[in-house]
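After the structure tokens below, expect a handful of questions from me.
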Amino acid sequence: MAGNTLGRLFCVTTFGESHGPAIGCVIDGCPPGLALTEADIQPDLDRRRPGTSRHVTQRQEADRVEILSGVFEGMTTGTPIALLIRNEDARSKDYGNIAQTFRPGHADYTYFQKYGLRDHRGGGRSSARLTAPVVAAGAVARKWLGQAHGVVVRGYLSQLGDIRVPFVRWSDVADNPFGVADAGAVPQLEAYLDGLRKAGDSCGARIEVVGSGIPVGLGAPLFDKLDADIAHAMMGINAVKGVEIGAGFDSVAQKGSVHGDELTPQGFVGNNAGGVLGGISSGQDLTVSIAIKPTSSIRQPRRSIDLNGQPVEVQTFGRHDPCVGIRATPIAEAMLLLVVMDHCLLHRAQCADVATRLAPIAAAAAPARAAPQP
Amino acid sequence: MAGNTLGRLFCVTTFGESHGPAIGCVIDGCPPGLALTEADIQPDLDRRRPGTSRHVTQRQEADRVEILSGVFEGMTTGTPIALLIRNEDARSKDYGNIAQTFRPGHADYTYFQKYGLRDHRGGGRSSARLTAPVVAAGAVARKWLGQAHGVVVRGYLSQLGDIRVPFVRWSDVADNPFGVADAGAVPQLEAYLDGLRKAGDSCGARIEVVGSGIPVGLGAPLFDKLDADIAHAMMGINAVKGVEIGAGFDSVAQKGSVHGDELTPQGFVGNNAGGVLGGISSGQDLTVSIAIKPTSSIRQPRRSIDLNGQPVEVQTFGRHDPCVGIRATPIAEAMLLLVVMDHCLLHRAQCADVATRLAPIAAAAAPARAAPQP
Amino acid sequence: MAGNTLGRLFCVTTFGESHGPAIGCVIDGCPPGLALTEADIQPDLDRRRPGTSRHVTQRQEADRVEILSGVFEGMTTGTPIALLIRNEDARSKDYGNIAQTFRPGHADYTYFQKYGLRDHRGGGRSSARLTAPVVAAGAVARKWLGQAHGVVVRGYLSQLGDIRVPFVRWSDVADNPFGVADAGAVPQLEAYLDGLRKAGDSCGARIEVVGSGIPVGLGAPLFDKLDADIAHAMMGINAVKGVEIGAGFDSVAQKGSVHGDELTPQGFVGNNAGGVLGGISSGQDLTVSIAIKPTSSIRQPRRSIDLNGQPVEVQTFGRHDPCVGIRATPIAEAMLLLVVMDHCLLHRAQCADVATRLAPIAAAAAPARAAPQP
Amino acid sequence: MAGNTLGRLFCVTTFGESHGPAIGCVIDGCPPGLALTEADIQPDLDRRRPGTSRHVTQRQEADRVEILSGVFEGMTTGTPIALLIRNEDARSKDYGNIAQTFRPGHADYTYFQKYGLRDHRGGGRSSARLTAPVVAAGAVARKWLGQAHGVVVRGYLSQLGDIRVPFVRWSDVADNPFGVADAGAVPQLEAYLDGLRKAGDSCGARIEVVGSGIPVGLGAPLFDKLDADIAHAMMGINAVKGVEIGAGFDSVAQKGSVHGDELTPQGFVGNNAGGVLGGISSGQDLTVSIAIKPTSSIRQPRRSIDLNGQPVEVQTFGRHDPCVGIRATPIAEAMLLLVVMDHCLLHRAQCADVATRLAPIAAAAAPARAAPQP
């Protein structure tokens, strides 16, 4: 496939550019008979939407989604579901000065070298705006997975710059502008971000995503392991530079006698595996961590070159998030949902006849994985 | 596709189990006219081969590869290249006692639940032995990429358990049984591993892989970014729990003014991006790090359950690597080679006509990324 | 992939239903730098458009296409091209009486059994209206193939019911409402169709499509032969029941001494092969014939059952083509264009380095294949 | 995918050349728990095997298949099944004289132009020998489909050159060297073929394949209709030039009042649709017809050119079938089995939850489709 499609059976093809007339996606392969309206999709889009606090970009986009096909009398029909979001607040003039230069850390240079031309307006297709259709598609998967298997996928921000915010409780996440799982950390984060903004700088973030209620048996031996497909999806999110499953990089220094999660009749003891063994889901929580790099568009002047290779200085005054990670949690959730959805369909395609002799054992009674302590 | 194929145009489908009659792969899509014999493939297989030092499994496998098709009079013909490796030293009796139990940290439980049965001999398809065909296929990509683009892919072990071994020089890597880039660290590593073996325990490892000479322009915007496909391939290697590109998780605490690699007429300044911007290669070195979990098969007794869900104690006495990471470098190199190869073909499929106006700028004169310092 | 995508590198995913808000497609993988506006696409859409003569359905659809993405300042950027066509003249009430019954020869029964529900309005997704996005995508391929390789794809109707209309000249095709290559046959065809309409009946058609200027070397040995992919695309058009390449079914009774096209320094002698040898294009004209079944929606009463399995009588009074084949030529052309486009990209992906020693030999100086004589 | 793989979930990748060391395939995606040994596969291979009568090539190949993987203790495990067939009677010297020339009607010219080189021995990869792995894979699908759904796929030769042999009874098919469904026609066919052999010439054939017991609901709207995928598979068989579903090209001259199969509570009336409506199986018999061109390798001298474009005369004295169609029935059956198998898995992936309200209605009590009468 040509690159803009995710999934093999639940296939999401996105289209659009930041400042073009519209963005959207086509979902092909959705099971029929799922009750679906725009109201099922909008809440996730609203969580990702810009302009909701002073800590994110002030671009105003309602991000109203329109279902163009694949739904009849409120039910999915099994045919492709096209979702359309019109771009509204596209101030391309803010970006006019970047048409001739390559912004450091951005895709400007690589797009230009690959394609010989680029839509420079707001980053064109490389804009984080293109995560909106992904979130919309993820909402469809979320509804089906919830109804069919009781799957719950949620996430939180566990580190902002060098401030780590360990997990305290899920109920805090929705109630603060950073999506951290400890509302008590908010004042420190606000002060930190205000300082960054004043300095015309930006920072990175770490996001944790947890999938619960995942059926045992999703995935394949080689190469399309469940964790491999998760890594692919997560690294495909703008600005992501690292992906961990379970203990992740901490497992390097772990001993085998510590890392390998024991099994007992009462269930697993621990979840260093992060819910995947040999590429196949174990029924434990899927725990995924991602690293998001600092926003590349900053006010501080930076060195670069223009289209002719001549040195220039770049300063970015457009509307940008000082930390793109703050709005990244729903995107990472959507990606996990899409991968799990695809694997649910793949699994029953091959293994629907399997009569399992052993009831799935319980997941470890473990808390969500917190960010590693310093 | 059904899961056991990597790549879209340079497609590698592997088959086989640890103790079956043979393992191998079919490479479909190799460009014609490449001079190729078994001698081009064997060296990489020999680097991955077990039994070469006391620090790795003592299973004796010559891993002689036979080319069954796709090569005529020493040249690839453009038709599928089938590679066959017969299994020779398969002592299935060593594993007989695991037929009825699920080894902690292994795929035993998940395979059984997914498929309803499993080939328990030596781990069956989930065995690290199945990385041999991957390495063989990678050697074909290595030859083509070297000739066509001057690509060089190499790697080293940068951490063993909690011992970090920063990069010193490439020439050390081949000359020590651990593949570290600092031969001076070998005595410490040997003592550490001997201690683990005595304790009947195991440890994890961190591997760095570097691709140089990568053409600018490989990759796609969404979702099949070059880094996303690298993450997929790397996380698909047995025992890998984390993947980083460039600065990886360190980028979380970096400021935007530090992370974004500036461009100058003389070239890039730094390579925090790890050679990928917006999912497309920048022409800088691809730098990839992976975390490998500790070997799950250890001599220490561990709790588990049997096929009936009853509690059992598991001790593993088969021939195992105390750290599978020690043999993992050629595997990770192969994966990177296969992904880059696939993207080279994808790129010219779409963009062969592009007349680039700007000559590619130089990569940063940076050393290979060393493991992060404590 | 989930079924609604055609192509592996030039990927066209369509969406929409006959009476939903819109239909359209996403083209992923188009080479960048192609000048493209709606004006390049509209002419092919207009050829397929309903309501242009009394011999086709009177549904009035302007079929105005809107480019939503993938084009910047009049040039393709290499990112997905989304094309949108709003439905305008959707009189769903005409079809209300079919909600509870299965029309013979239609997809009503099979959709209902597969999906458990169906969008019955105007046939929903199984409507011939869904060929519009295919034609739109084909127009993009037509432009690129014409510029890059001088490819010309055109077709004509060679049989309507039992009236065969052998090829006379290309210039006649555009000037008559049936698209036959012999304007002299028009009065006979008009009389025939008028008779059918009076009788409340319908008939089938045979279409010939010819691709000229096809580069030698497109295709693959097994299974994705160029002719296999053409057969897939053609049989995927609504109502098509048969596909032939070159001599087609006539080759059954041919002798080997007749069928095999000889080669001479002056070029091929004959083109029974239809431009494909061993699944790979020979550089001769691609000649493809398709059989289109009679329109299933007719005024004559027919037996059927309702959703409860009870017997009913079905008469169709909606606006229908008495022969869907009359508007099928641009659709078949589009399908051939899409397949050839995809294979052009596939071919250069694998074989861009091949230095051919022998200049391609000439195609046979043969006329376009006429319909077989009775 | 690179071209040598058939199927999306039940994926068959073949490899090998006519005179290389071995041919074979990898089946990825087979459901686990299917009892499988070589004895399940060999009978179909034996039906396709050369050397069984004087009317087919005298090449002696035992075509013994070896299962290399994916089966454990007699059951499929869900992992890739590799099948290997060693080439034994490869007399490459017979073909030495064709290394420098392009045989008319063969893939010699197109392979040379595409790849820049070719394995000329026995036709290399374009040899009909490569249908053996397809037949082997089809046997696996046959077993699963028979057990899971009661599917029966069988075929017969309905025309040899210009001699049509209408269907009489299935029981005749296995008992004559031509696979016709009327043993009474054998003497006429023998005389015809003996005449061809004396004349150093060859002829084509028409094959009918019928699939019974097909579940209703297999297929997808666009583009991967069941019939489209069947057309792709059939046209991918060596020497096939035409494919029909149901009434095929006869439907051109049919009226709508005749063609559209009516539905009654007692079942369908007729099967002009050939078991597919709107791309989705109706539960009626799948009826497929294919046209096979005459063998291109004949003793009569033919004009061609050599690698330098100079005129030469070609006569073929190797061991060839005077009509390749005689051995084609098991191949066409295998292709149909593979497509149906793939669609069974695709269907349950998407629609496993569908609760159908209406019991499938019966198939028409129609005889197998005979060849059209002159």
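A, B, C and D label the chains in the order they appear, each numbered from 1.
Here, a residue touches a chain if its C-beta (ideal position, glycine included) is under 8 Å from a C-beta of that chain, and two chains touch if they have at least 3 such contacts.
In this text, all values refer to a predicted model and were calculated from it rather than measured experimentally.
Shared contacts of chain A and chain C, meaning chains that touch the two of them, come down to B, D. Ranking all chains by how far their C-alpha centres lie from the centre of chain D, first place goes to A.
For the interfaces B-D and A-B, the C-beta contact count is higher for A-B.
Between the Cα centres of chain A and chain D there is a gap of 45 Å.
In whole angstrom, the spacing between the mean C-alpha positions of chain B and chain D is 39. Centroid to centroid, with C-alpha atoms defining each point, chain A and chain B lie 25 Å apart. Annotation for chain D: residues touching 2 or more other chains are 1-5, 8-9, 14, 29, 32-33, 78-79, 114-116, 125, 221, 346, 350-351, 354. Taken together, the chain C residues at the contact with chain B in this complex read 8-9, 29-33, 78-79, 148, 221, 345-346, 348-354. Contacts from chain D toward chain B in the complex involve residues 1-5, 7-11, 13-17, 20-24, 26, 28-29, 32-33, 66, 68-70, 72, 75, 77-82, 84, 114-119, 121, 124-125. For chain B in complex with chain A, the residues that touch the partner chain are 1-6, 8, 14, 102-107, 109-116, 125-126, 130, 159, 161-162, 196, 201-206, 216-225, 227-236, 238, 241-265, 269, 272-274, 276-283, 291-298, 300, 302-305, 307-311, 346-347, 350-351, 354-361.
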